[in-house]
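Dumping the structure here so I can ask a few things about it.
Note that the chains are named A, B, C, D, E and F in the order they appear, and that numbering of residues resets to 1 at the start of each chain.
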Amino acid sequence: MIDLALSFALGCFGLGLLMNLFLLLRGPGLPDRVLAVDTMVINIIALIVLYGIRSGSGINFEAAMLFAMTGFVSTVAFSKFMLRGDVIE
Amino acid sequence: MEYLVSSAVGLLTAAGIYLILRRHTFPVILGLALLSYGVNLFIFASGRIVVGVPPIYVTGAAGYADPLTQALVLTAIVISFGMTALIVMVALGAFLETGHDRIDMPDGEGDDQ
Amino acid sequence: MLNRLFPHPLMTLGLTVTWLLLVNDLKIGSLVLGAILGLVIPLVTTVYWPDRPKIRNLPAYLGYVLLVMWDIIIANIAVARIVMFMPNNRIRSRWITVPLDLRSPEAITVLAATITLTPGTVTADMSACGRALLIHALHAPDPDAVCDQIKTRYEARLKRIFE
Amino acid sequence: MADKGLRLYRVHTPTPPLRQNGTLPDMSLALIAALPFLGALFPGLMIRAGRDACALAAGSVTALSLLLLGMQAPAVLRGEVIQTRIDWLPALGLNANFMLDGLGLMFAGLILGIGLLIILYARFYLSSRDPMGQFYTYLLLFQGAMTGIVLSDNILLLLVFWELTSLSSFLLIGYWKHLPEGRQGARMALTVTGTGGLALIAGMLILGQIAGSYDLSVILTQKAAIQSSDWYLPALILILLGCFTKSAQFPFHFWLPHAMAAPTPVSAYLHSATMVKAGIFLMARMWPVLSGTDAWFCIVATTGLVTMLLGATIALFKDDLKALLAFSTVSHLGLITMLLGIGTPEAAVVAVFHILNHASFKAALFMSAGIIDHVAHTRDIRRLGGLRTLMPITFAFSTIAALSMAGIPPLNGFLSKEMMLEEASQTIWFGNPWLIPALATLAAMISVGYSFRFIGQVFLGPPRHDYPAPPHDPGFGLWAAPALLAALVIASGLMPMLTFGWLVDVSASAVTGTAITVKISHWHGFVPALWMSLAAIAGGLILALFQRPLNRIWLALPRPEAKPIFDAVINMIRRLAHTLTARMHNGSITRAFAIGTVTMLAAGLYAFASGTHTPGTRALTPIEPVAAIGWVMLMAATFAVVLYHHNRLLSLVLVGVVGLIVSVVFIYLSAPDLALTQISVEVVTVILLLLALNFLPKQTPRERTGRRLRDGAIAGAAGLGAAALIHALMLRDFAFPTVAAYHIANAKSGGGGTNIVNVILVDFRGYDTFGEIIVLGIAALVIYALTETILRGGPANDRLLNWPKPQGRAGDRHPMMFVVVARLILPVALMVGVFMFLRGHNLPGGGFVAGLVAAITFLMQYMASGFAWAAARKTINYHGLIATGVLIATATGIGAWFNGKPFLTSAYTYVTVPPLETFELATAALFDTGVFLTVLGAVMLALASISRLATRAGSSTNTRPFDIDPDAKPAGKS
Amino acid sequence: MNHWIIAPVIMPAIVGAVMVLVMRGNLALQRAVGVSATGAAVAVAAALLWSASHNPPQVYFLGDWPAPFGIVLVFDRLAALMLLLTATLALIVQLYATGSGWDARGRHFHALWQFQIMGLNGAFLTGDMFNLFVFFEVLLIASYGLMIHAGGRDRLRAGVQYVAFNLVGSTLFLFALATLYSVTGTLNMADLAVKVAILPEGDAALIRVAAVLLLLVFAIKGALVPLHFWLPGTYANAPGPVAALFAIMTKVGAYAVIRVFTLIFPPGTLATGTLIADLLLPAALVTLAIGAIGVLGAATLARLAAFAAIGSIGTLFTAIALFTPQATSAALYYLLHSTLATAALFLIADLVLERRGTGSLRTARSPIPQSGLIAALFFAAAIGLAGMPPLSGFIGKLLILDAARNHIATVWPVMLVASLFMIIGFAIAGSTLFWKPHEAVGEPIAASALPTSALPFIATGILLGLLAALTIFAGPVTDYLTATAASLYDPAPYIAANALAAGE
Amino acid sequence: MTVEILISALLVIGGTFGLIGSFGLLKLNDPMKRLHAPTKASTVGVGTTLVASVLYFAIFKGAVTWQELLIVLFLFITSPITANFLSKVHLHRNMVSADLPPTGTSRNWATFEPDDDEASDGQSHS
């Protein structure tokens, strides 16, 4: 049962990724695209965790943590750039 | 998988080269970044592709992804990071000196002083 | 004395717990190391956080966290319904101004975060003096109700916790 | 052969005895050649001691050399060949081997003897403004090189000296730097003789390879081998090219007159007596092995004949005294060349004799021309005349020399000219018995003509009153040398056997390779030469008398002027070279990339296609749906980067996505370390690029469609190449077991860690990591240095100072919510960093990732509250971090030495400290600490440096962590 | 184990790091320490050279791991030669940089100098292909820093090109290495030599690709046509002393070609055959021609020097491409010569530019201070580069011509005509620069505005003196080189020294 | 069995919310509206998944992995900031002050405040 649920969840987040990709390419605005990337990161984290469950190993969870952190930092950096031009001022 | 990896390497390389052939530093730098993704995947794949094996040493593992090529890729990533940082700064310096960021120097000779 | 040793007791505790979460075990060695890091790291980072606020009412804070968690679940169901089933032209988005009574930056931040995480609202901006929040509500036929709920359900509680 | 020459007696002694003194090499020959070089140092040093001291030094050196030569002379005259052998570069066969035989003796004596006279003459000739030290230095260099040529027993050594004469003559011709003619003449001489020199190198190398040795004494014994070789003709032509250019033979004669821009002592020395005779010398030197073939005769005799005629004709119409003498020299060199070309021993003997005679009278004439120029301030024949009474001494020795040049008995010029005519009269040219005699007579006639013209138009006639300066005889110092030479002309004319005979004997013996005794006399009976000679004198007299009308005809004739042609050719080549170079290297690195890519593709394709390839047999790995999704995303994002690259910010976002997906790919393919590194590097790179993009244009202009298509084709081909290559590789098994198997097997037992990748990084291949952190450190140092340089001043700094105030920026630089959250994250993230660091050896992570995590954490703080505020909180010495990191890593490596192990040998142990659990202590962790510090320092230094540019551009710095203060009085704007 | 082998790498690393750590603000101290350190490097290199000439190749097993599993340094005659050349050149040019004040025109000059030496030495010592890449990067990144030292418009623009081009080169290197590893499963050079020799026939095509890609990588470093386009701009715009030091940079490419294509892919190897020579020789000859044509057509002094460098590279690679012991010995001799001569020319060009303000060879300028001395130095350097006697270029040229006796129809004409072009080019340049001042325009440059140090002249003089020494001691030098070349074509001792362990 | 159901349910719920979040991004027709979808649905989606993972490892692998909690915490802390920033970008790029309700204070919304380089406590360093 868990396997089935896992596959379902994997499918959901995978599909979600493709939707993010679509928004990323379509836009129209840059904030939309950045939002798409941000969501992409979240979905990827979910996928990593799901794969962890499937393989029975949590070894990639730190990577997921780092994804969350870097995703956040780059979203903020892009936003800051669009707002101010200077990312570190 | 192999087809996916090789086509990805190919496209990354092609995109990288295409951008490197642009005439402004910014796309060239992006091209270098893509190219380095391409080559990193290339190195990684040169150790052959395996899926679903443990990434660290465990007794009785069925196999491992080639750790040596991984180490090589790691080194390559780090070095290309340093290089990218440097070329960004040099390009920025050149832009500030000239007011444009064309990468070609129109002066072959004669007016290079 | 204890204050000198643990200038940031809550943080030391939090970090030690974080460490145990990270290393994923409960050995003595991990505890010791986590405690050491929990001591050292606040010392290193304290300069970046001047005027660190005191949480005056820890139980109230924990209660607030549980409340928000519940609201988040509810909020998500609501948003999911809107996203899935409501046609775009029927979604009534609004901008709402929420005047603030809170003054502590930390408290305001928690409030703003709460607003974003809960039903159909996103904290979009803040007035330049920090006395009002700009909220975007995804579907709010009655904006005043939204504002009132924020003020009473969250801000009042936060005021008790932080100020 | 013997019956032809009445004056020639041949004694057959097959090989001349060699003399080598004792076991020690006899250094004297080397010393003769070396002395002028050593002496060349003196004039430059002595010039402060005065011009006389300078000249004296140069003279003494030459005299000493001459003396040494004289000491060897008796042995040579006895028919011995003296040799000095010093090994220099035996591997090549280039050795400092010298030999002195008759030919060498004659030439060395000529070079040193006339050299001595020239030194004397130049002392009085050069003006006080001329840098005399330089002059004598160059002159001695030249003299040494010339002496070296004639004494070399090794053709490679000879080449060395040969090229040296070209170089030193370049300096001497260009000695008067203010004269454009000197500059151009020097370049022309160098170009022509340099060309010949290079041909000579090729010829000599071929010759040496045929003979199996580069030693002349060996080569000269290999006539049969050389002349039967397939390479004989190329070698001959190449060697003759060298000789002809040096000796100004047609069609290379044109450089010589232009070299006359040199000071007269140079002209006298180089362009009459010595350097131009180097080619003659070499032909004489190689005569035993090269001559005697049809090719030799055709090329050498013909060239000589043409040169003789052409030179004489031009000389007849030259108004510049030195030009007249120059072309006369060309003509006489042609004469000698022709004699050598005839190929008979008799002709060779005459050639040798004429070399001596010509050197004596021509040097005197040049010096005479110099004196006239010196006192009358002109060398133009048209402005001279009547000097006989004004300059009686000069008149005397000049006339003697000129008459000798004309071949008037009993002077020495007469003797050799008669002998030449005699040889000519017996030479059949392509079956034609009269052509050479007739042309030789004609040349002799013209020679008489210009000689008489020289005497008549310079000295005879009434004195004029319009000389540029009043002519008078110079001081003794200036006329001593030419007078001495004139005396020699008379003496050798009257007593040829006593003065030159012995020298001609030995040198002719050396040239022909057989011992020869000559008999020179004035009267040989009514031989054809007598009639030819008489005809020449009579005709010459007429030519001299009718020179002016003939001159008008000459001027009316179309004559190709060598200099404009030469200049045009050189300029054309230069322009061509310049255009080609400039077109090729037009500063377009873009094109260079295109060319480079195509080259790589072509070379790779060629390499592959020309080798054997068996396709691999590995089974394909199945594709999971998630992998397919990742693939779609990677491909789409990559493609989008290209598509949207005009929008720089967007393309940067997209590159970030590509990096993100690549990281995920690494996770999927069981390489978490790579993913961690990739994603952290990614974000730092993006921020760096954003910092730069803040200044850069936000759009990239579109390029022409044609260009884009071309680039697309190149890029596509490159992509296909890379894809095909990796595909071919992935589908096959390794040809041999990989070394990675060892790493897997030994990571835990030998390296003490279960994260194999990390053990490779810090242990198996820790040395790579050592290099890699240094790369990173250097990158940061360079970025810092460049920032400093820009901010120190200059256009970039001005641009920053005048940076337009940004329009349309949002308010709220440091949004409060972000600041608060960043503060909260900071300690936690640092803890994550420590965690990543500590577990790196056993699980994904390590010093590098930890350093990046720490850097990103601080970065977040800086983004939230601004660099200035954050930096003011805590000044971290980034330089110190980098240096300390590198030093820690190095020290860890060195630590192994104390254990008797090589650099970077790791050690680990398990420690138990109750009540704690057993934990591992490893030097690898220390090494990783170095990595951590370097990475942290490097990233921070780089970012801090770039941030400073924005500050210079007018970004203000804040003193508070965020701009909103909810606690402030609500009194409107502050 | 002889720890001195690794000293040439870690000594400069430590000195560079210490400079960054404690003497950032003190130029005088940096100068003193930097020059002393480089001097020490010369001493160590000299001692190592002596050791190399008396011993078979020595291997330093880093981390005490057996080859081919760890990284090894292999120290042999060739490595020793390159170490000594590098240290000597670096020391002399460093003196110049110090005396001319170039080092004060930007930050971290001396630290970068040390790291540059470290990178070079690391590349010469390594016995591991990937480690060669790493040290290529070290030397490159240090060179980037030195190239843009002191900044300025053209320098930075040329710097971007230089960096970008080399980044592509580095990427190519990685492609090549991955291919190499992917076929053979190893990175140790000796191990590669063993394995490539016994490679199954079906792998030939792929290993050939790897070999050719490596060749191209080294050709980029060595600036071989058509991968040389980075050189003119870089050399012409780099600070004088840096351009002089860069004379060794192209030689890294040459070194790598010699090492890799005599050890791993020697001419007789079944898989690669004469592939490398077939590609290299034409490229080298074209490079030589382009260099010579460039010298002839140069309109500025800096370009003249840059194309002279290209020409010397062409000559060098011509000799290398013959792949015989005799030719390689000649190549090594020419390598020594051309490194020193090119460096001297760049220093002299800098002396002129600093005084004359312009390097234009088309227009005359006022006489420069110390014209006579500089002219003499220029003349000597030109003689050296054009391959005229009495300096070592002539001997180098003769050695190569002699070694190319089986290529008389191709190598000889190109080399000789190229020489001629260079002679003419240099003659025109020299006479314009130093003989034409009387008809000149423009303000004469005041001698007082220049640094008074004699060091620049001494440094340049030493370089030229070394050329003379190379000429005079051509015999002993070629003896060493002949033995070096012989050892390259008999790699058994090199391989044996690696004591290759069996797998697992 | 119960836990299996629980974990499966969490996974299904997580996947559903995740998908809804991503779907919302495409469906909603205004940038501000779009912002609501991922900040809520995706966060909860991934949060639920992570909780499922904690349970799974604790129960079936006997190894408690707590890192998931840290990840969830991190996402919850940061997503309001992300939303805040993206809103500000939207306000800045696509809207003017007049489109918004008044702040009710003496100052405008921070994003629309004039550039404060000189206005506030900034000191120009040049």
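Quick note on the criterion: contacts are C-beta pairs under 8 Å (C-beta built on N, C-alpha and C of every residue); 3 or more make two chains touch, one makes a residue touch a chain.
Treat the numbers as computed from the prediction; the structure is a model and nothing was measured.
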Topological distance between subunit B and subunit C, in contact steps: 2
Partner chains shared by subunit E and subunit F (touch criterion as defined above): D
Of B-D and C-D, pair with higher C-beta contact tally: B-D
Chain whose mean Cα position lies farthest from subunit E: C
Gap in Å, rounded to a whole number, between the CA centres of subunit F and subunit A: 11
Computed distance of Cα centres, subunit D from subunit A, in Å: 61
Subunit D and subunit F, separation of their C-alpha mean positions in angstrom: 68
Overlap residues in subunit E, where contacts from two or more other chains coincide: 130, 134, 137, 141, 144-145, 148, 151-153, 156, 160-161, 164, 168, 175, 178-179, 181-182, 187, 232-233, 298-299, 303
Sites on subunit A at which at least two other chains make contact: 10-11, 17, 30, 34, 58-59, 62, 65, 69, 76, 80, 82-83
Subunit F: positions in contact with at least two other chains: 16, 23, 35, 37, 43, 63, 65, 67, 70, 74, 77-78, 80-81, 84-85, 88-92, 105-108, 110-111, 113
All chain pairs that touch each other: A-B, A-D, A-F, B-D, B-E, C-D, C-F, D-E, D-F
Subunit F - residues contacting subunit C, complex: 16-17, 20, 23-24, 27-30, 32-33, 35-37, 39-41, 43-44, 63-67, 69-70, 76-77, 79-81, 83-84, 87-88, 90-91, 99-111, 113
Residues of subunit D touching subunit F in the complex: 801, 805-806, 809-813, 815, 817-818, 821, 824-825, 828, 868, 951-952, 954-960, 963-964, 970-974
Interfacial residue positions of subunit D with respect to subunit B in the complex: 578, 581-583, 585-591, 593-594, 597, 618, 620-624, 627-628, 631, 634-635, 638-639, 641-642, 645, 648, 651-652, 655, 658-659, 662, 665-666, 668-674, 677-678, 681, 684-685, 688-689, 692-693, 695-697, 700-701, 703, 711-712, 714-716, 718-727, 729-731, 734, 738-740, 743-744, 747-748, 753-757, 760-761, 764-765, 768-769, 772-773, 775-776, 778-780, 782-783, 786-787, 789-790, 794-796, 799-800, 842-844, 848, 938, 942, 945-946, 949
Of all residues in subunit E, those that touch subunit B in their complex: 130, 134, 137, 141, 144-145, 148, 151-154, 156-161, 163-164, 167-168, 170-171, 174-175, 177-179, 181-182, 187, 232-233, 236-237, 298-300, 302-303, 358-360, 362
Partner subunit D, residues of subunit C touching it in the complex: 11, 15, 18-19, 22-23, 27-29, 32, 37, 41-42, 44-45, 47-50, 100, 102-106, 108-109, 112-113, 123, 125-126, 128-131
